[in-house]
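Structures given as structure tokens follow.
Note that chain A is present in both complexes that follow, paired respectively with chain B and with chain C.
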Partner chain A sequence: MANILSQDTRRAAGLLTPAYLWLTVAIFLPLAAMLYFSFLSDVPFGPEADWYYTSENYRAFFETGTYASLLWKSIKLGLTVTVICVLLGFPCALVLAKVIQGRSREALFLLIILPFWSNSLVRIFSWAIVLRGNGVLELAVNWVLPFDIRLGLMFTPTAVVIGLVHSYLPYVILTSYLALQAIDNSLIEAARSMGAKRLTILWRIILPLSMPGLLAGAVLIFVPVVGSFMEPRILGGRFGTYYGTVIEDQFTAVFNWPLGAALSFILLAVVLVILALSSPILRNART
Partner chain B sequence: MNMKKQAAVASALVLIASGAMADEIRVLNWQGYGTDQEFALAPFTEATGHTVVHDYFNSEQEMLTKLRTNPGAYDVVLINAAFFPDVLAEDLLQPIDTSKVANFADVAPDFAANDSLNVDGSLYGVPWTWGLTSIAINSSTISETPSSINVMWDEAHKGRVSIRDDAVEAVQLAALATGQNINDIQDMDAVEAKLGALMPQIRTFWGSENDWNQFMAAGELDVASYWSGSAERSAASGLPVQFVVPDEGAIGWLDGLAVPASSENVDAAHAFINWMIDPAFYSEWNANGAPASANAAAAAALPEDAFNRKVLGDPEVAARVQFMEPVSEENREAYLEMWQALKAAQ
Partner chain C sequence: MAEVVVENVTKSFGPMKALDNVSMDFPDGGFFALLGPSGSGKTTLLRTIAGFILSDSGHIRIGGEKVDRVPVEKRDIGMMFQSYALFPNMTVADNIGFGLRVRRVGASEETRRVGEALELVRLSDLAHRKPSELSGGQRQRVALARAFVTNPRVLLLDEPLSALDKALRVDMQIELKRIQREIGITTIFVTHDQDEALTLADKIGILKDGRMVQAGPPRDVYDRPASTFAAEFLGEANVFDGTREGGGLRLTDGSLIALPEGSETAQSFAIRPENLSLAQEKPNGDGIGSLQAQMVQRVFAGAMTTCVVELSDGRRMKAIALDRDMPHAEDGSPVWLTWKTAQLTPIGSEP
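Let's look at the complex of A and B:
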């Protein structure tokens, strides 16, 4: 008995080692290096590097209201984008999983995943071409409508939301689709045979059963959007300063890696707190 | 010994020999800023055998980051005179051996003696170009050339203004607009209020010359801060751009070419710098849009009506220019904090 157990343990260890090695090398080591940086006064590079240990980078967050207000702005952006993605993505996934059958489903699925195959920077620049003044969208609208219309979408918070929703929509469609497909059709048929209306079926059966997939998609979107920097910078114009762009500035423009690292860890902590606070809701959804 | 082996040895010898004569030098500069001009590089490689590879930066801090974090990666680097003290403080440069730069004799004496480039009797950067940071207008939407920098604050151009996303440049432009000395700003509150009033006017911030050209080509802007050489280049490429030196003045800057301390191709680097300050190179560059040359012989060789001779050579304009001096660490941090807070409040 003991022999079998140890054999199992050994096999488990053997199978898990590559995954943990990968985690260590690809995630924990760089994160640990950044955590170390966040407690330095200056980056330890160059022949005459002069630095000491300090917590001033974390204190900087609280000394001015700038960072906190930007973080709040980014969280609001994350919530907006997540809600829009869920509202658009869940119906798409529902139609894909329960209405469309056969080959056309594969074709549609391919269309949803297709944007994932292109570089995200290319996608955002394409949006810039579409949204800008005298761009594709304005020309198209003016071609259809008889009167002159100035949309003025480029360089507004709306443009940022459009770009981010387009980038992250496939996540929620994919996760919801998987959850929806796992729902046994006979459950829906049973409900219908007992006279449940469509909305009741959706609200009482489909939504609760697919909630884990929907929430997984929402988390997958919310976390990166809060830290996004490329989309706001290109599409946001003067409104494009968010928490993520300030962190990027610390690394690329003003060379204050320690502050950038500290701001990143504060973001990580805040995101973890948000997820922990919402975990009771997540757990309820599962049962 | 078989044929194959002999051929291999022979080709290896050729490789070693050519490696000794012809180096690959790596240049760090703004993109599209002279050193990467196709017309200059091909003859340089032909004349000296050295090949040139480029890497680019989008801000002076990025240049500093790249120099710090990649020792040995660069042989020639372009540095704004106001940033030389930062780079020199970390011993990142080696002194220029002017005997290897024949064209140095023609560099204007004022520039050659610049305090920022010369430390303890050694020259660390060869003055290459100079120019102005001021405003440029979209001549297809603004018919009358403005005489004041306050055109950026004009209600008529609301939402059609841009400045570079750079704290120091933004503060110095606001200092000009409030009639202050850009190197000794007394009233920071006025600067902050002025920039705060500018924010609603702004469409977007620009980061590189390429950004600027794209926004202008898309018709997004009426007026934007810009660099004199870049404005010439944009106009030469067909954009409706006119550079303006307003009554309040303009920010003057000097760019130098330097050799990093960690460079291993020092001779080739000096040869490249010499090529870059050559009047022949400058005349051709100027025809495509260039900043003003620090080489007096090159400036004198320009046609009479060239912008860099007619406008920048005009003593009346020169009197209005405030040359940018190095900015202290405290001031830079204060400017950055103010600039970030202003942007965050949008």
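Let's look at the complex of A and C:
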């Protein structure tokens, strides 16, 4: 008995080790290095590297209000994009999981996953072509409407939101779809037999039971959007300064890695605090 | 509470006719079984009455009102699903109270009626459990309470006991019958278990390939099956068939048997195994039929013994009797198969 158990344990360990080894190397080591950098005065590279240990990178965040207000701007962006994705994605997932049957469902599903197959940079630049003045969207609108209209969407926060929603919408559709798919149709039929209208069924049965999937999708969107930099930079123009773009600047333009690392860890901490605060809701949804 | 009438209902799924011109009456307050093998259309008929399936033609009436175009949620039905379909996110009390809350009966009224329903199914102390914390039998009773608590016009049960093990099923049959008597709601249930149909129902409808083969009280359907299928599906049956000759029936092995009065044209006759007996001597007397046969197998099962015998044309017949009433004949030895002529039931030649 004990022998069989240990054999099982060994087999399990054999299967788990590669993944955990990879995670250690690919995530924890660089993260640890970044954490180390964030307490240095300068990058410890090159022969004339002159550096000492300091906490000034973290103090910088609190000394000026600039970083904090940018972080708040990014959190608002994250909330906006998440809410829009949920409002667009959940009804879509609901129809895919509960209304459409058979082969057309597969085809529609493919269309949702399609954006994953294209390069994200290409996607964003194609949005730039669509949104810019005299671009595809403006031409189309002016072709339909009898009067001339200037949309002026390019290089606005709206353009950033549009680009981000496009990139992250599939996440909430996929997670909601899986949760909705797991709801037995007989539950919906039972509710109908008891006289419940569609809205009541949605509110009392479908929404509570699919909440874990919906929230998982929301978290998957919120976390990367708060730290996003590509969409704001390309589509936001002069409005495109967000917390994520500032971090990127530290690494690529200013070459102040310690400050970039410190700002990243503050972002990580804030996101973890937000998730921890919302975890009671997440836990409730599961039961 | 209301009478349910199914009139010439037909429903096709693609080329397959799931229901083919089905008619049946379900008088107010009765307990009815729809019986049939899988794929016979019994669940389709139940779901058509519920409104989940719209018929291609024909009508469903509940309490005299034509409900063909009335959606499920407005039909005022109670339905219990094979999987029970309890809401996993709600407690037992909330599950049962769901239909009441939808009807906005008010909190105090809801509490009172949920309490009554829980008492009726004997689950009062489990009101605050989640469905995942209940046993199969308890879930089944919650599902039942949830179906009748709104006092619907008709109660529809889809294979209500099929998910339970044998011992629990027999207990729940008695329980189900008691509850149905107490609430008095017209109840229609679907089953593939003949014993369950015979035990519970006031009236049984037997379906095969989407058609209603026979409908009537259990005793009538059992004693006077209208077809070979009905005879063999509802319990076991032996069938004699041959050609009519004078007042009797000439079997394929050449022997002539006497027939009961009033069976003018029938060419097939069924007889239940318990109405066949075996004897070592050829029996004599008025109204007694007999045939020479050979003992094939004797199966002892406690109180009852089943004997399989073979007629001279190779046809096998089954007789069931108390063990002490069976002659102690060796396998392969000749016996006389006997019966009372009056117990031969004419059946249609249709399947």
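Simple rule for what comes next: the second predicted complex is superposed on the first by the 283 of 287 C-alpha atoms of A that agree within 3 Å, B and C clash if a C-alpha of one lies under 4 Å from a C-alpha of the other, contacts with A are read in each partner's own complex, and residues count from 1 in each chain.
Here is the rule we use: contacts are C-beta pairs under 8 Å (C-beta built on N, C-alpha and C of every residue); 3 or more make two chains touch, one makes a residue touch a chain.
If you're wondering where the values come from, they're calculated on a predicted model, not measured in any experiment.
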>> Given the alignment on chain A, is it a clash or a fit between chain B and chain C?
In response: fit
>> According to the stated criteria, A:Phe155 is in contact with first (chain B), second (chain C), both, or neither; which is it?
In response: first
>> Looking at A:Val246 after the superposition, I want to know if it touches chain B, chain C, both of them or none. Which is it: first, second, both, neither?
In response: first
> Which partner does A:Thr175 contact after superposing on A: first (chain B), second (chain C), both, neither?
Replying inline: neither
> For A:Thr200, is the partner it touches chain B (first), chain C (second), both, or none of the two (neither)?
Replying inline: second
> Does chain C touch more residues of chain A than chain B does, or is it the other way round?
Replying inline: B
>> Looking at A:Ser167 after the superposition, I want to know if it touches chain B, chain C, both of them or none. Which is it: first, second, both, neither?
In response: neither
> First (chain B), second (chain C), both or neither: which does A:Thr82 touch?
Replying inline: neither
> First (chain B), second (chain C), both or neither: which does A:Arg238 touch?
Replying inline: first
> Once the shared chain is lined up, is A:Ala190 touching chain B (first), chain C (second), both, or neither of them?
Replying inline: second
> Looking at the superposed set of three chains, what is the minimum CA distance between chain B and chain C in Å?
Replying inline: 46
> Which parts of chain A are in contact with chain B and also with chain C?
Replying inline: none
> Considering the complex alone, what residue numbers of chain A touch chain B?
Replying inline: 43, 45-48, 64, 66, 69-70, 73, 132-135, 154-155, 236-241, 246, 249, 252-255
> In the complex of these two chains, what residues of chain C are touching chain A?
Replying inline: 50, 52, 71-74, 76-79, 81-83, 85, 87-89, 98-99, 102-103, 130, 146-147, 150, 156
> Given the complex with chain A, which residues does chain B contribute to the contact?
Replying inline: 58-59, 61-62, 64-65, 68-69, 71, 89-92, 165, 199, 202-205, 218-220, 336-337, 340-341, 343-346
> Of all residues in chain A, which touch chain C in the complex?
Replying inline: 184, 186-187, 189-197, 200, 204-205, 208-209, 287
